[in-house]
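Structure below; questions to follow.
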Amino acid sequence: MIDFQKIIQDIHASMSNIEVRGKIASYIPELAFIDKKKLGIHLIDQEGNNYFTGDSKEAFSIQSISKVLSLAMAFPIMGDNLWKRVDVEPSGDPFNHLSLLELENGIPRNPLINAGALVIADILVSNLENPKEDFLNYVRNIANDQTINFDKKIAYSEKETGFKNYAAANLLKSYGNIKNKVDDVLDFYFHQCSLQMSCKQLVNAFYIFMNKGMCQLNKSYLTVKQTKRINAIMLTCGFYDEAGEFAFEVGLPGKSGVGGGIVALLPNKFCVTTWSPGLNQKGNSKLGMLALEQLTTKTGLSIF
Amino acid sequence: MIDFQKIIQDIHASMSNIEVRGKIASYIPELAFIDKKKLGIHLIDQEGNNYFTGDSKEAFSIQSISKVLSLAMAFPIMGDNLWKRVDVEPSGDPFNHLSLLELENGIPRNPLINAGALVIADILVSNLENPKEDFLNYVRNIANDQTINFDKKIAYSEKETGFKNYAAANLLKSYGNIKNKVDDVLDFYFHQCSLQMSCKQLVNAFYIFMNKGMCQLNKSYLTVKQTKRINAIMLTCGFYDEAGEFAFEVGLPGKSGVGGGIVALLPNKFCVTTWSPGLNQKGNSKLGMLALEQLTTKTGLSIF
Amino acid sequence: MIDFQKIIQDIHASMSNIEVRGKIASYIPELAFIDKKKLGIHLIDQEGNNYFTGDSKEAFSIQSISKVLSLAMAFPIMGDNLWKRVDVEPSGDPFNHLSLLELENGIPRNPLINAGALVIADILVSNLENPKEDFLNYVRNIANDQTINFDKKIAYSEKETGFKNYAAANLLKSYGNIKNKVDDVLDFYFHQCSLQMSCKQLVNAFYIFMNKGMCQLNKSYLTVKQTKRINAIMLTCGFYDEAGEFAFEVGLPGKSGVGGGIVALLPNKFCVTTWSPGLNQKGNSKLGMLALEQLTTKTGLSIF
Amino acid sequence: MIDFQKIIQDIHASMSNIEVRGKIASYIPELAFIDKKKLGIHLIDQEGNNYFTGDSKEAFSIQSISKVLSLAMAFPIMGDNLWKRVDVEPSGDPFNHLSLLELENGIPRNPLINAGALVIADILVSNLENPKEDFLNYVRNIANDQTINFDKKIAYSEKETGFKNYAAANLLKSYGNIKNKVDDVLDFYFHQCSLQMSCKQLVNAFYIFMNKGMCQLNKSYLTVKQTKRINAIMLTCGFYDEAGEFAFEVGLPGKSGVGGGIVALLPNKFCVTTWSPGLNQKGNSKLGMLALEQLTTKTGLSIF
């Protein structure tokens, strides 16, 4: 029997003295003020047992991790028609994301790069009555936690400075792959990314991906097939152009955000979130990557 | 002695029966209504003699031709500092213009592609008191014609549908190469492109590039060196990804617009404008290209 | 208990009447003569039980599937130094493989695209006494089958027509990432790709990737960690620019070849090979993809 | 009346003390031994008057300058059919030349990049009885100088190390745009590039491009139209990704080589060659670019 609590505590302890912790994301001004020393880990197994250590209950900006949640909400609405508007291939390319859009006629490579997440946001804006509220409620429900909220200041901060996202959204619009007004889609998208959640809240939300689409209250949000497919996309596309590296070093489906969070999961076994705000050169949490690599090494658990 | 009048009349006559005239630009809805049969040619020599035929006095939307005029206005303001914000190399690439921006850190390849013209527009917005009015007056003055005007409907039409330009401007903004508000720069840019000018008005305006920077009233707008350099840019970059083809077939510095106009010139000899709204696959006027090729063949005049 | 035999027979039966079977690879002239009707499936579980149907004992040209075998042989020789010469990221890009090499200074994206496999071939040529013989013996040993052999005619056929591989190898050489003579590396590479193996022989060889690096005779060829990493690379990079699609639809690490074979495996559970020579537009076996999708759907077994 | 002799002497004098002279090409080992202090200028006007200074009579490796000569030989053989196998657009792109080939189905952007010159070489190999000898005689004849010769050591040196050219030639072969054996085409190409010529010999050879296709003995090698077109290609494509810069700063059709030579010409006026082995970052002679910029500034002569 694996002693998860001891393992994550050991990992946490081994990391507390590491000086080189990467760089905090500063392109969103509001994110720049986070204490780089923060480090939290929270793991939940399929039976619902919780193991945690460090700053695991402190909320942070989940940023790109939200893309998995919006995808999970949009997939059942659209069914497989979703894949007419966004592909499922890794982007593979650090530099010219917009060029790929141009070469591929406005169909983003996958729903976890910004362009793809903007298409998903457009779908939700088209299909939800009160897009921001409805999405927030969806996240609260799957996590069974009504205290989760947007950080309006961060959403506003992105609105003022997120020029690359404006560029991507307008390019998608020029190809007809955004149906609503660009400003409406971006307003939704910046809110979605501004969700404040703790490690604990994130494992509760991502429990559905580990548990065949069902939350801890046994309500089903995704079919088994849909769950499997979102996990596959997380594995091949969840870490920007470091997706291969993460599969190689960690071997779990997962998703990172520039707020320093990483969620990863082993289907039918456990779901884990790490939070350490310093990022490596590819934009993924430096200590988070390391912690998860140690976790799969020490437990011997991975999908491979 | 070359009989320009006879030559352009012969060219015009030889073209009146051509059925396949290319496609009218339809991405700007307002442009789609032009009669494809329109064909005008106007040539002015350095001495100020005028030769013209066909619809040479009818104003049309000059679109990208305006990029040379805004460049001419911005160059003396900025001097060679201009070239820190935009390069002078051909883009060479039909597909991934935005990717080039990404690869080259927000420095557009040259001032005659859209991204480069947006940087020029930004410079004028920064440096002019009343940007749109001042630019309009500049064009009226170099052409010595106070009747030239914007077409507000076309400017508005672009504002509603020019998503690729919004994408490019936001991408430039993300690299810090647009200083003003994106909306202000685009408002200026869409107005600049909406200028309505006839073949006659265009040769009058472009006379300065043929005549060492001086207009017909002998007022100097550009130094000899600046004029030479703008001509060089027109030759290497004036025809999208058909610049080489135009240099090869015609051999004159020039600039085309999707409204179907082409201006070309032989320094110290003549300046000529053709107008035929049908475009070839590269977006240049089909009959205009042909007419200019015949003109340089029949006169034996080209820079090569 | 899953009845593998019934499941693969059902899949085989359901496919026998499919008319549209994709296109046989013809760029290697020798491959063009295969009967498109061929269809074989062979599955082996971790306990060594065999389940098979159709043309599962007929040898075919394994082509790119061999890249996993050469990687498996090179990895223990080089250890993690291997990853200085080749990366582990999906290439993501159907068109400009060579351009990626140019942009990334001669470091191929991963060992399963041609450029990466050429680097692996170079490593084996450097480290083996009799490269072709030693590699052949390695494959025979892990599969415990001394009848496996190269098809010299196919190797020769590639040598005469494989200009893209010559281009890639010379480009790698120009970056110093091939140490031996280009012709020696390509001679090895074309032989490696020309291996003739049946579905049965392939599952026997790939058994080591399903079984923590150990063959059926319990000899260890790879450490657990090395095995896990090769599986991760297969999942993210094993299907050209359809890797995401395969992870999404099938959810197993695997590798395809233009000869129409696909090997896939679920760690610690089973390894399966399908063979149907018709390829889809991305170059993967059309019926093979379908058969594996059905297998994971019917068994409910996948890594996700 | 312009005093060419004084002007080029002044330019030469002003440069003799410049310390920073760029880097000598070292990728061809044989070129690395040249004295960086060498500086020659030779100008010939249409009337045949010669003006020269410095090391203008010392032969050096003309390298890429030879591409204009092979093009001039191939053009009359193929006529306009030539342009089915190579385009006339600037490549515009420093990094991914081979990718452009992949995107554009094996049609090189223009005949002055390596891939295009390889296609021209293939055409000459197909059409000449004794390709190397016939080409050498062609150059000797247009320059009216039977002492011009290949440097076999340099040709051999390229053969041993020119892996990028092998890569390009094989890629072209894979698209069917090289008809002969790759090795035969490269053998011709490396010889062509190895031509040793002095500034004086180069202006004599390039006299035909300044003089409507006729050499100094009044023999015609190109039609007026062909000459004009080759000049257009030199202007738009003659300086790698610095073609726009050269047109902008100098304003003459020309061609550079990594041996440090530059030939430029003003149609019907003069032809000039500079030689200084140090190269700038784009691979063009640093002092040569500067000398030609000064020449056109001091004489006021350029095509613009």
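Things worth noting here:
So that you can tell them apart, the chains are marked A, B, C and D in the order they are listed, and the count of residues begins at 1 in each.
What we mean here is this: a contact is a pair of C-beta atoms (placed from the backbone, for glycine too) under 8 Å apart; a residue touches a chain by one contact, two chains touch by 3 or more.
These are the chains along with the protein names UniProt gives them: A, B, C, D = Glutaminase.
Quick caveat: nothing in here was measured; it's all calculated off a predicted structure.
Summarising the inter-chain layout, the chain whose CA centre lies farthest from the centre of chain A is D. We define each chain's centre as the mean of its Cα atoms; on that basis chain A and chain B are separated by 47 Å.
Centre-to-centre separation between chain A and chain C, using Cα means, comes to 32 Å. Centroids of chain A and chain D (each the mean of its C-alpha atoms) stand 55 Å apart.
Counting partner chains per residue, chain A has residues 95, 103 touching two or more of them.
According to the touch criterion at the top of this document, the contacting chain pairs are A-B, A-C, B-D, C-D.
Considering their complex, residues 95-100, 102-103, 163-164, 166-171, 173-174, 182 of chain C touch chain D.
For chain A in complex with chain C, the residues that touch the partner chain are 87-93, 95, 103, 109-110, 224-225, 227-229, 231-233, 235-237, 241-245, 247-248, 251, 253, 267, 297, 300, 302-304.
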